[in-house]
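In what follows, structures are represented as C-alpha cells.
Each of the two complexes below includes subunit A, the first together with subunit B, the second together with subunit C.
So, the complex of A and B:
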C-alpha cells in the first residue's frame, strides 16, 4: 500500500474526475469540430490519469495497462481517425444545433445536479475511496448523451458517444476499481472498431446527402 | 418393434430433409430421393401406428436438453398412434403421387428445397403428435406452421399466393399465441412443461382456469383446424400450395389440431367438464359443417371448393367429439366413446378422401393448367383413371353408401340421435337439431360434388385446356388409386377399423365398446343394439351390385338384344356446343336464391345496346359474387382498427435521429428518477 493518506487519495481522484467533467462542458460549448475532438482527447488523458491514480492508490496493477490503453486508443488513435474524417469531408464547424450553446450549458448544469441527486442515496453505501466519482461518472454519461441529441453533425454525435463511453469507464473504475482486464481489453477493441465503422459511415452519409447533417436521414423514413 | 419403427421413421425423414439439396441441378434425382425417403418413412410410420395401437403399454422416450423446461420427450399411446397412422397413410399415397407431380415444377422451383421442406413438414406433423413436452410441442408446432407456410408460397411469383401465405402466417401465429396461453395455464399450476405433469397435476386446476384453458385451446387449435369463424385463411392457403402439399395440409395438418384438442380435453383436463363445453364444441361443429359446405357450393375454383369442404368435415368431426363430450359430462361413457369413435373414424376417412380429392384436383391442374371448373368439362374420356379415382373420393365425401364417409357420418348421426339418454331437456333438443344440420350438410355436400364431378368430367370440354388434356403419369395414378382403394376398404371393413379405434377411445372414455358397436360377427355396425339401428356396408355393396346386375338382366330379358346405335345428341336442330352446357354458376343458382340471406349475392347485369336501336343488345356482361361475411364484418374491422392506430402512432416516427435519441434519453432520466 503506498504511503498516501486515503483521504488525500480520495481528494485527488475527485479532482481528476472533476477535470473530466469540465472537459465535457467545454465540448458542449465548442463549435469547432476539430476542437471538440481535441477536447475529447484531453478528456481521455484525464481519464487515463484518474485510472492510473486509482491503480497507484489501490495497487491493482492491471489498471495501469487500462490507463495506457486509454491514452493510446482514446487519446491518440481515435482522435486521429476523427480528424482525418473531418479533414477529408471538409467540415470544420457545427453550424446548426438543435439546442444553442448557452441553453445547452444550462441543461448540462441541470444534468449534473440530477446526477448528484440520483447517486446521493447510493454513494454512502460504498466503501471504495473512489466512490464520490460515481456521481461525476453518471453526469458525464448524461452529458455525452445530451451532446448526441443537441448536435446535428454526425461527427459530434460520435464524440458524444465516446464521451458516454468515457463516463461509463470512469463509473466502472469508481464503482468497482475497474473491470476484469479481459473485459477492459474487449471494450477498447469495441470502441476502436466502432469508431472505424463510424468513420466509414460518415463518408457514406456525406456521399448520399452531401452533408453530415443527420436530420437529412428523415428522408429515409417510410 | 415400436422403437425400431420410430427410429426408422426419424432416420428416413432426416435423410429426406438432408439429402435432396446435396444434388444441385438434378431435379429428377432430387425428386426421387426426397419422395423415396418420404415413402420409406411413411411405411415406418404405418408400422409405428399399427404397433402403437396394438401395444399394451405406451412407448415413452426422452432426451434431456440444455434448455430449462425443455425435454425432447415423446410418448406414443393409442391416441397418438392413431394420428401417426393417419398421417403416414396419407403421406405414403401423397409421396407416391408427388414422384410424378413434381415434374410440373422442374426448372421452375427448387426441387431439392421443396423435397426437404416436404419431408420436414411430414416429420414435424408426426413430432407434433408424439411430443410429450409442452415446450417441445410448441417448437415442432411452430416448425410445422413455418414449413407449411414456405410450401404455400412455393409459387411466390404470384401476388395471390403471397397474400394467401401472409394471411396464413398471421392467423396461425394468432393461434399459437392462444396455444401458448393454454400451456402456460397448465405450467403455472404444475411448474413443469412435461405432459405427464399436465396429466396428473398435484393440485387440480381452479374452475376458472380450466374454463380459460378450454377456451384458449379451442381458439388456438381451432385456427389450425379451420373452425368457423377462424376458417378464413384456409380457402386461401390450401389452394395456393402445390397440390400434393394441399392434400397434406387439408387432409392431415388440420387433424393435428383435432388431436391436440382431444389431448387437452380428455387427457390434461381428465375428461371432466361442464355440459356447456361439449355444447360449445357441438355448436362450433354444426356451424363449421353447414357454413363450410355452403361456401364450398359457391366456389368455382376446384381447390378452394375442396378447402371449404375441409371446414365442413372438421365440423362433422367436432360434432362427433362434442356429442362425446356431452355424454361424458352426464356419465354415459359408452355413448361418449361412441361419439369419439365416430369423430375419429371420420378423421381418418377425411384424411384419405380429402387427400384423394386434392390429388385429383392436382391431376386436373397438371393436365389442364387451370383450377377454374368453368374451363373443364368432358375430362372423363380423356382422363379415365383420374376421373374414376375422383369419383370414388366424391362419393366418399358426399357420404354415399357403401363408402367410408357414409359409415363415419352415419355413426355421427347415431351418436347424436342417442341424445334421448340425456337427462337435460335442452340438450335432448339440441343434439337432434345438430343432427338435422348434419343432414342438410350432407345433402348440400352431395349437390356440391355432383357439381364438381359433373362439370369437370362430363359433357363437352369448355376450353382448349380441357380439349388437350391427357391422362397423368403412372406415379400420380398410383397415389390416387391407393387412396381410392383405402377409402373403399375403410367403408367396407368397419370390423377392422372399429376395434382399432376402440383402443383409442377406450382409455379416453374409460370403457371399451367394441362388442357393442360391431354386430353379426363384425359384418354390421350397430351403435346401440341390432334391433334399434344397424347397418352393414358389405351387405349394401353386395345389394348394389346385385341390383345393377338385376337391372341389366331385366333389360336383357324384356328389351331383347342390346343394340348400339351411335348418333349425335339431339339439340333441337342446332349443333351442340360447350356454350350450351350447364355452368357452375348456373348449377348453384337455386341454392344461391334459397340462402341469399347468408350469401348476400351481388348480381350485376350490364347491357350494351347497338347505336341504332334499343332492342338489340351488342354485348351483355353478367357479374356475380357473394359477400365474404366473416372477412367483411369480423376481420376487416380489426385490421382497420390496427391500421388506424398505427397511423396515429406514426407521428412519433419522424426519422430524426436526434429525436429518437431524445426519446431514449427522457426514458432513461425518468427511470433513474423513479429508481431514487
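So, the complex of A and C:
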C-alpha cells in the first residue's frame, strides 16, 4: 500500500495531468512541425509519469507495463516515424491553418471549460485518487479533436489524433486505474499500426499530389 | 470450441498464407476454402447457441449469443459470395495489368485481416476488445480502399482513415466511461468491461455516466456505421474501393458497427429507465434516412448512389432498433441482413458495369440489358429491392420498422436527449409526423433510384462496349443473391427465423 499520504498523491496526479494539458496548448500554439512532434513526445512522457505514479500509489503493477509501453511506443517510436516523414517530405512549418493561433488558444480554453462542465455531474461518483483527472482527460481529447480540424498538414492532423489517444489513456487511468491489460495492449498495437500506415500514406500522397496539404484532397466533393 | 477456433484461426491462417503465395489460382482457392470453413463453423456455432444458449470460451474472452451468431451469419454469407465474385474480378485486373501478382497477395492478406477483425469484434466478450477489433477493421481496410492508388482512391482512403479513427477514438472514451461506472460496482478491474459481467450488474450502473458514455459511443461507432452527419467518408470510400471491398464495407462492416452500438445499448437500456438510448437512435436514424434520400436524387455516379442508399438503410435500421419492442427490433435485425444481401449484389453488379463500361457516370452507361443481361437483371433487382418494393426482402423488413414506428406509444410528451436537450411534442402529432416523414422520403428515394437505374438498363450500348455477359465464377453470387432476396421476401426459413427471434430477445430488456 502507498507510502505517501493519499492527499499528496492526488495532488501529484493532478499536477501531472495539468502538465499534459499544458503541452496540448503548446502544440496548438506551435507552427514548427518538428516541434509539434517533440511536444507530443514530451506529453507522452508526462502520461507515462502519471501512469507510473498511479501504479506506485495504488500498487497495481500492470500499470508499470503500460507506462513503459507509453514511453517506448508514443515517446520514442512514433515520434521517430513522424520525424522521418517530415524529413522526407521537406516540410517544416505549418503555414496554412483553418484557425489562427490566438483564436485556436481561445477555443481550447473554451473546450477545457466545456470538458469540466460535461464531467462535473459524474466526477463526484468516483472514489479513486485520480478521479479529478477525468475532466482534464476529456479536455485533452477535445483539444486533440480540435487540432485535427484546425490544421491542414497531414502531420499535424496525426499529432492531433495521437493527442486524443493520450487523453483517452489518461481518461482510462483516471476513471479506473487503467483498462484491462489485453485492451491496453490492443490499443497500443492499433496506434502503432495507425502511425505506420500514416507514414506510408504521406509517402503516397506526396507522390500523387506533390504536396502534403490535405486541403488539396478535394477532388471528391459533391 | 472447434467452431470458434476455425472462425478466428481461418482468416488468420489464410491471411498469412496469402502473403507467401504468388499464384492467383491458389490464392483464390485458399480464400474460398477459408470462407467455406467459416460458413460451416458459423452454422455449427449458430446451432449450438440456439440449442444450448450463449457460448463462452477461451477463458472469458469469447462470448457468442444469438445476436453475435446472427451477425456472424451475415459476415459468413457475404464473405463467401465475395470470395466467389473476386475470382473473376481480381483475375480481370490481373489480366489487364492494373495490379501485379504481388499486389494480389497483399490484397488477400489485408482482406483476411479485415475479416479476422470483424469476426473478433463480433465474438469479443470485452467491450474494450470490441473497440480494438473495430479500429483494426479501419486499419485493415484503408489500403483496400486506396488499392488502385489513383489520386481519388488515395484521397478516399486517407479521409476514411482519419475520420473513422477520430470517430472511434470518441467511442473509446465512451467505453472508458462505461468502465468507470462498472469498476465501481464490480470492483474487479480485469473483467469489468466484459459483456457477461456488465449485463449481470447493468441495473446498478450509474445512469448519469452511462448517458454520457452512450452519446460518445453512438457518435463514435455511428461514424463507422455512416450515420449523418458523420457520413462524409462513405460515398468517397464506396465509390473508390474495388467492388468486392465496397460490398464488404456496405454489407458487413456497417453491420458490425451497428452491432457495437447495439451491444452498448442493451447495457445502457438496463441502467437508464427512460427511452433515452432509443430516442437518440431514432433521431440519428431519421436524419440519416431523410438526408441520404435527398442526396440520392442528385447523384450521377452509380457507386455513390449505392453508398447514399447504405446511409439511408442504416438510418432505417437504427429507427427500428430505436423504437425497439419485438416488432421494431426484429425488423431492424432482418433489415440488416436484407440490406447486406441487396447492397453486396448492387456492388457486384457495379463492379461488372465498371469493368465493361470503364466509367462510374450513370449518364455514360446505356443499354446494359444488351451488353450484360445478367448484370442488368442484377442491377434491377438490387435497385428495386433497395427502394423497398415487394416481392423483395427489404419490403417486409421496412414494413416491420415503419409499423413499429407508427404503433409506438410514447412514454411522455418530451423527447429527452440526455440532460442537454428536451423537445416537447404532442403524442399523436409525433407518431403521425414521423411516419409521414418516412413515407415522403421513401417516395423521393424510390423516384430517384428507379430513374437512375432504369436509365442504365435500357437503350443501346455505346459502340466501343463489347456485348454479351462474360460468364465465370463471378456471376454465381449474382444469381444466388438475387434469388435469396426474393426468397427471403416470401418466407424466412425456420432456422433463420428462430435465430432472429433469439437475437431479438437478447436486445429486448423491458
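Everything below uses one rule, namely that the second predicted complex is superposed on the first by the 220 of 222 C-alpha atoms of A that agree within 3 Å, B and C clash if a C-alpha of one lies under 4 Å from a C-alpha of the other, contacts with A are read in each partner's own complex, and residues count from 1 in each chain.
Note that contacts are C-beta pairs under 8 Å (C-beta built on N, C-alpha and C of every residue); 3 or more make two chains touch, one makes a residue touch a chain.
Predicted model only: the values in this text are computed from it and were never measured.
By the touch criterion defined above, A:42 reaches neither subunit B nor subunit C.
By the touch criterion defined above, A:139 lies against neither subunit B nor subunit C after alignment on the C-alpha atoms of chain A.
By the touch criterion defined above, A:168 lies against subunit C but remains apart from subunit B after alignment on the C-alpha atoms of chain A.
Looking at the shared chain after the overlay, A:117 reaches subunit B, while subunit C stays out of its contact range. By the touch criterion defined above, A:20 reaches neither subunit B nor subunit C. When the two complexes are superposed, the chain touching more residues of subunit A, out of subunit B and subunit C, is C.
Shared-chain residue A:148: touches subunit B and subunit C both. In the superposition on chain A, no contact is made by A:69 with either subunit B or subunit C.
When both complexes are overlaid on chain A, the residue A:82 reaches neither subunit B nor subunit C.
When both complexes are aligned on chain A by C-alpha atoms, subunit A residues 118, 121, 145, 148, 157, 214, 217, 219-220 touch subunit B in the first and subunit C in the second. Within the complex formed with subunit B, the subunit A residues making contact are 98, 114, 117-118, 120-121, 142, 145-146, 148-152, 157, 214-215, 217-221. Of all residues in subunit B, only 653-658, 661-662, 664-665, 668-669, 672-673, 675-676 touch subunit A in the complex they form.
Only residues 61, 126, 128-129, 131-132, 135-136, 139, 142-143, 146, 149-152, 154-159, 161-162, 165-166, 169-170, 172-173, 176-177, 179-181, 183-184, 189-193, 206, 208-209, 212, 235-236, 239-240, 295, 298, 419 of subunit C touch subunit A when the two sit together in their complex. Subunit A makes touch with subunit C in their complex at residues 60, 118-119, 121-122, 125-127, 134, 138, 141, 145, 148, 154, 157, 161, 164-165, 167-168, 171-172, 175-183, 186-187, 189-190, 193-194, 197-198, 200-201, 204-205, 208-209, 214, 217, 219-220, 222.
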